[in-house]
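The following pair of complexes shares a single chain, chain A, combined with chain B in the former and chain C in the latter.
Showing the complex of A and B:
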C-alpha cells in the first residue's frame, strides 16, 4: 500500500485525461518517483526522441512516502528527456505540491503530446480538467500562481508552473512549485512549455490512509525524526545556516570553483555565506535572512526565506521585490556568486528571486554567465553581441543585467538561455564550458574533492551534486571521512553513494535527510508503509537497478563512454591555491575501476550478467 | 494541573508535522484538510503561524450549541464535540470568533481540537517546540524569562 495506486495520463494533443492503475510489479522493482517514473518513461518513449518534440513525455511523480508523516516526505520529481543534456532528466523538488498530488489520490501525472493552445491541468481529487491558460501565457510563475489561486478561490490549491524563461526556449528552464521550490535542473520546464502546458494545479482532500502497518510506520517515523534532531548537521547546521553552511567550509578546503572554475578559492566567500545571511546589513540594519522554512513534513527546515534591502540598486523602485521570498541555497549562491566573482549578497538574492519568479536553474545560469564573461574577457564576445554591455567578473551590475536580459528573452538574453555548452560552441571556444553531458557543474571543484570528479563524469544527468554526493564523506566525514585529495577507493565510494541516492530519490524522501540517515533508518519507514518486505539491502539493490536503467536509457539515446569525462580545465589546469594546490582531477585513475565495480565493460556498457542480476530486460 | 497548548509562532518553520499528527491521531489519515490545527504561511513576511482552538473558559461554541453536543472535559479543560449528539447545524462555527470549529461534510459533524484527551499529538510532533503543552496558568512564563534576561538588573547581576 501507500502508493495511491492511480496514474493520470494526460494526452495534450487530444485534450484527454485517462485514469490507469499503477503497475504494482514495477512498484516493487522501482519503488516510486525517480525509479518508477524513469521505468515508465523508458518503456514508453523512443530514447532518441527530440526532447522538445511532442513525442517526448513528461512525468510528475511522487514516491510512496510522499505526503506521509515521515520527515522530509514532501518530495516529487519531474522525469523526462532533458533538452540541455539529451539524457534522462529527473529533477526533484520539495515544497508542498508533491504531497498534495498524493492527497488527491495520484502517484503520477504522465503528460504526452502537445496542446494546440496553452492550457493548465486542474486536479481536484478525482475531478481533472484541462483549462485554457491563454490569459497567463507570457507571464511569470509568480503571476500564474496568484492568478490561479484567485480564479479557483481556494487558498489551499498548490501550483507548479513554468515562467517566461521556459516559454522563450531557455534550455534550462525549471518547473517552480509553491512559488520558490523548483524541479530545477536539465530543462524540465522547457519540456513542459514545449507542450503548451503552463501549470498544474492540485488540491487533494483525501489524504493518505493506507500505510501498511500504521503502528510500525509511526515507530520508524519517530525514531527517524529523533536521529535527524540529534545529528549536528540536520539538527543544527542546516536549520541555522541552510545548505549555505557549506560556503566557508568548501572555500577553506580549496574546492570552491571561482570565476568559471579558473580558481578554487574565492576571496569574497565570507560575504555570501550562510553566516553572512545572519548579519545585520550596514545599510538598513536588517539581516538578509528572514527565517528558515520547512518543506512539507520536514523536521530539518533548511530552506531560507530572505529579504533584499529596499535601497539596494537591484530592487530600487521595484516594490514587488521588497517582501520575503525563497532565499539563497548553497548551489545557487555559489553559481551566482563565486563562479561569477560577485560578492554582493543582496544582488545574489535578487537574482535568485528572478530565477524562481520566471523559472530557470540558477546553477546553469551562473555557469553560463561565467563562461560568457570569460569569452568577453578574451575577446571572443564583444559589446556587439552583448547589447552594448561590458561583461565583468565581480560585477553585480553585470549579474543583475544578465538575469533581467534572460527573463526578457531578447538580445544577449537569448544566448544566455542556451547554456554554456552551446554558447561556448557558438563563439568558438567549447573548452570554456564547464559542463558534463551539457549540464553545468555545481559548487564543488573536483580538483579539491577527487571523488566528485568521478561522480560528475558518470552522473546520468550530467554534472550534478545530487547523484553521488561524496562531499559527505570526503569533506564532512559522513558516514566516514576519506581524504578528498586521494583517488584510491573513490570508485567504490561513488558507486555506493550513487546507488543509495537513487533509492532515496525513489522513496519520496529528501536526499538531505541522508546527512543523518542511512538506508538502515529509511528502510523501516518504507517497510512500515509499503507492501512487500523492505530492507536496507533491498533498497540498495533497487538503487543500483535504477542507476543501471538510467545508464541504459542514455546509451540508447546515443551516449557513449566518451561522454563520461570532465572539461580539460579540470583535468589539465592545476589548482592555484589552497590545500589542493597543484592538483588536477585524476579521473583516469578512477574511471576504469568504477566500470569494473559496476559490472560494465571497459566501454561503460552494463554486461549481460549485470543486467540479469538486476533484473533489467 | 490544567495544561494548555502554547504556540510560539517565531519558532514555526511551516513543516505541518502538527497537521499530519492531528489528522492521524484523530482520523487515522495523513491529511491536513482534516487537521484541527492549521499552519498559516505569510509568504512575503517569511512567517509561519500555527493556529488552533484555545479552549475558551466560557466557550462561545459550547454556549451556542442547541443540542449540548459540545461539553467540557473536566480533566483537560477541553471543549469536546460529542459526535453522537452533534446534528451538524454549524451554529458553533458561526459562534466561534476564531474560526477554529469547522464542519466536516464527510461526517456531517463539526470538528475541533479536543487536546487528544490530554496528550496532544501536535505538540509531540512539533520539531521546534513552536507548539508546547504547558501549565495553563503559566503560559507567559517563557516570555517573562526572555524579557527578564534583557533587563538592566539581570545584566548587572551577570557582571
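Showing the complex of A and C:
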C-alpha cells in the first residue's frame, strides 16, 4: 500500500471537489510524485496548451514514502506545464506540507479550470472546501500564511501559497509552503495564480497506516538512517555548512559563473560563502546563520535560518526583516551574488527573504537581473526603461532595488518578471540570456564541468541542476570521481544521474539523501512500504520510463532536438581563468552518444523499440 | 625551497594558524615536499581531507604523498562536503 489511494480533483471553474481512487496500475509503473503526476498530466491535457490558460492543470502530489518514518520523507511536488519553459514543469519542495497531505489521506490534488474569484482550498482530513481568498489576494505568502492560521485557529495547519509575484504575472513565481520552502522553478506559482487559487491549506490527523510490511519497512528505514548518520557528507557536512559550502569549492575549481556567465571565477566568493555565514558580524557580534533546520522527518537538516544585520541599508526602518528567516542555499546565493557580481551577504539574504515572502525563484531572478545589467552596460537598456535607475554589476543597491521592483510588479519590475529569455528578446539581444528551454542556469559553469553542459542541454525542465547532478561525481567524487574537464564517458554519467534522480523524485524522498544513499538503500524502503516487488533495478528502469515520458511530453508540446542546446557564450566563448582556461563546453562531443545511449534517434526522438521496452504508450 | 599557498575550508579551517586571512596561509617548504608533508605541518588529519585541489584541479589520494609541490602552487582542502 503506502499510497493513500485517493485523489482530490478540484474543478475551479465550477467550484467542485470530487474524490477519485488512485490508478494503481499507473502507480506500479510510475510510483508516485514526479512520475505518477506527470503521467496524469500527460494523459489529461493537450500538450500544446497555453500554460496560463484554464485548460492547463496543476497537480500537487506526494510520493508513497512522503510522511512515513523514512528519513527525508517530507517531499511533495507540483506538476504542470510551465509558463517559463513551455515544457513539463515539476518543482519539488520540502518542509511539512507534503507530509500533512498524506496525514490527511491524499496522494494528489488535481486542480483544473479557473475560479471566477480568488479562492483557497481547505483540506481537513476528508472535509474539503473552496473558500474565498478575496481578502488575502494581493498580499504576500507570509501574510497569507499568518491570516490562514489565524482564521482556522489551528497552529498545526500547513499552508502552500502564492505571493504578489505570481499575481503580477512574474513567469517564474514559486509556490511557497511553510513560509520558507518553495516549489521554486519553472513558474508553477504563476500557473496557480492564473487559476485564481491563492493557497492550499491542509491538516491531517490520520497518520500513515497502510505500510505494506511495517517490520520490513522499519528495518530498511533504520538501516537507511544509519547510512545517512555515518556518512560524513549527510551526517556532518550538510548540517554544518548547508549547500552553501559549495561556493568556495566551485570558485576554486573555476566553474562559478560570474556576471552573467562572462567569467568563471568570482573575486567576492568568500564573502558570500557558507563559511562567511558563520562569521560574526562587526556590528552585533552575531553571525548571519542562526541555526540549521530540517524538513519533516529529515535526519540531515541542511536548511539555513539566517538574519540580516539590522544596520544594513536593505532593512533600514523595516523591522519585519530583523528576525530570523529562511537563509541562503547555494543556488540562490550564487544567482543573487556572483551572477550579479554582488558580494554583500546581507543584501543577498534580504533578497532571498523577499523571494520567500512573495514567492519567486531566486535562480531565475538573479539570472534575469544579470542579463539586464549586461544589456544596460551595452546600452541596449537605458534609464528610460529602468525607471531612471542605473543597473550595475557588483551593486548591492541595484540588487535590492530590482527585487523590490519585481515584488511591486510595476515599471521595470514587470520586465524582470519575464525571465531573461523574453527580456533579452525584447531588447534585441537573445544571445545574452543564459538559459536552456527558457530556464536560467544554476550555479555550475559547464565550461569547467563538462557533464553539466549535457545535463543542462537535455534537462526536461530547462537548465537545472536537479535533473542530473553530475557535479557529485565530477567535482565531489560521489559516488566516484570523474574529470570535470573530460567529455568522454559523460553521456553515460548524465543518463545514469537523470534516471536515478527521476526515481528518487517519484518516491517522496529528498534528492540530497543520495549523497549517501544509492537506489540499493532506497529500494528496500520502497519495497517495505509499497505493494509489488521493488528492487534497485526496477527503480532505475522506472526512472528511465519517467525520463522518456517527460521527453515525450515536451516533444508533443512542440520542442525538438534543436532545443537540446546551450547559449552561444558557453559553446564559443572560452573560460578566461582557472583550470578550464581556454575551454568551452563541448556539447557536440557528448550529445550524439547520449541520444544513442537513450535509445533515441539522431533527432532525439525515443525509438519505437525504446518506447516498447519501457512500456510507454 | 618552494612557497605555496595553503587554503583550508569548512571544518578544516580550525587548523589554520591564528591570523590567517581568507582561509589561506603562505607556506615555505623544502624542495620535494608533498601535499601530505604540507598537511602534516598544520596537523590536518589525512582522513579528513576529502577534496584536495591543486591550482583548481583535483588531486587523487594516490598522488597526495608522491606529487612534489611546485613553487606557486595553490593547495585547497575540504572535508567531505556536498550541496546542490
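Methods note: the second predicted complex is superposed on the first by the 617 of 617 C-alpha atoms of A that agree within 3 Å, B and C clash if a C-alpha of one lies under 4 Å from a C-alpha of the other, contacts with A are read in each partner's own complex, and residues count from 1 in each chain.
The definition used in the following text is that a contact is a pair of C-beta atoms (placed from the backbone, for glycine too) under 8 Å apart; a residue touches a chain by one contact, two chains touch by 3 or more.
These figures come from a predicted structure and were not determined experimentally.
Engineer: Label the relationship between chain B and chain C on chain A in the superposed model as either fit or clash.
Structural biologist: Once both complexes are aligned on chain A, chain B and chain C fit side by side.
Engineer: Contact-wise, after the overlay, does A:460 reach chain B, chain C, both or neither (first, second, both, neither)?
Structural biologist: neither
Engineer: Could you tell me if A:515 is touching chain B, chain C, both of them or neither one (first, second, both, neither)?
Structural biologist: It touches chain C, and chain B stays clear.
Engineer: Return first, second, both or neither, reflecting whether A:295 touches chain B, chain C, both chains, or no partner chain.
Structural biologist: It touches chain B, and chain C stays clear.
Engineer: Touch test for A:275: chain B only (first), chain C only (second), both, or neither?
Structural biologist: second
Engineer: Angle at the Cα centre of chain A spanned by the Cα centres of chain C and chain B: state it in steps of 10 degrees.
Structural biologist: Spelled out: centre of chain A as vertex, angle of 80 degrees.
Engineer: Minimum Cα separation, chain B versus chain C, post-superposition (Å)?
Structural biologist: 16
Engineer: Touching chain B and also chain C: which chain A residues?
Structural biologist: Touching chain B in the first complex and chain C in the second, no residue of chain A appears in both lists.
Engineer: Over in the complex, which chain A residues touch chain C? Could you list them?
Structural biologist: 231-234, 236-238, 240-246, 248-249, 252-254, 270, 274-275, 329-331, 465-466, 469, 471-472, 475-478, 481, 483-484, 511-512, 515, 578-579
Engineer: Can you list the residues on chain B that touch chain A in the complex?
Structural biologist: Contacts found on chain B: 13-17, 20-21, 23-24, 27-34, 43-48, 125, 127-128.
Engineer: Going by the contact rule at the top, pick out the chain C residues touching chain A in the complex.
Structural biologist: These residues of chain C touch chain A: 7, 9-11, 13, 22-23, 50-51, 53, 55-58, 60, 76, 78-84.
Engineer: Can you list the chain A residues touching chain B in their complex?
Structural biologist: 67-69, 71, 96, 103, 156, 179, 204-209, 211, 214, 218, 225, 228-229, 239, 290-299, 301, 303, 305-307, 323-325
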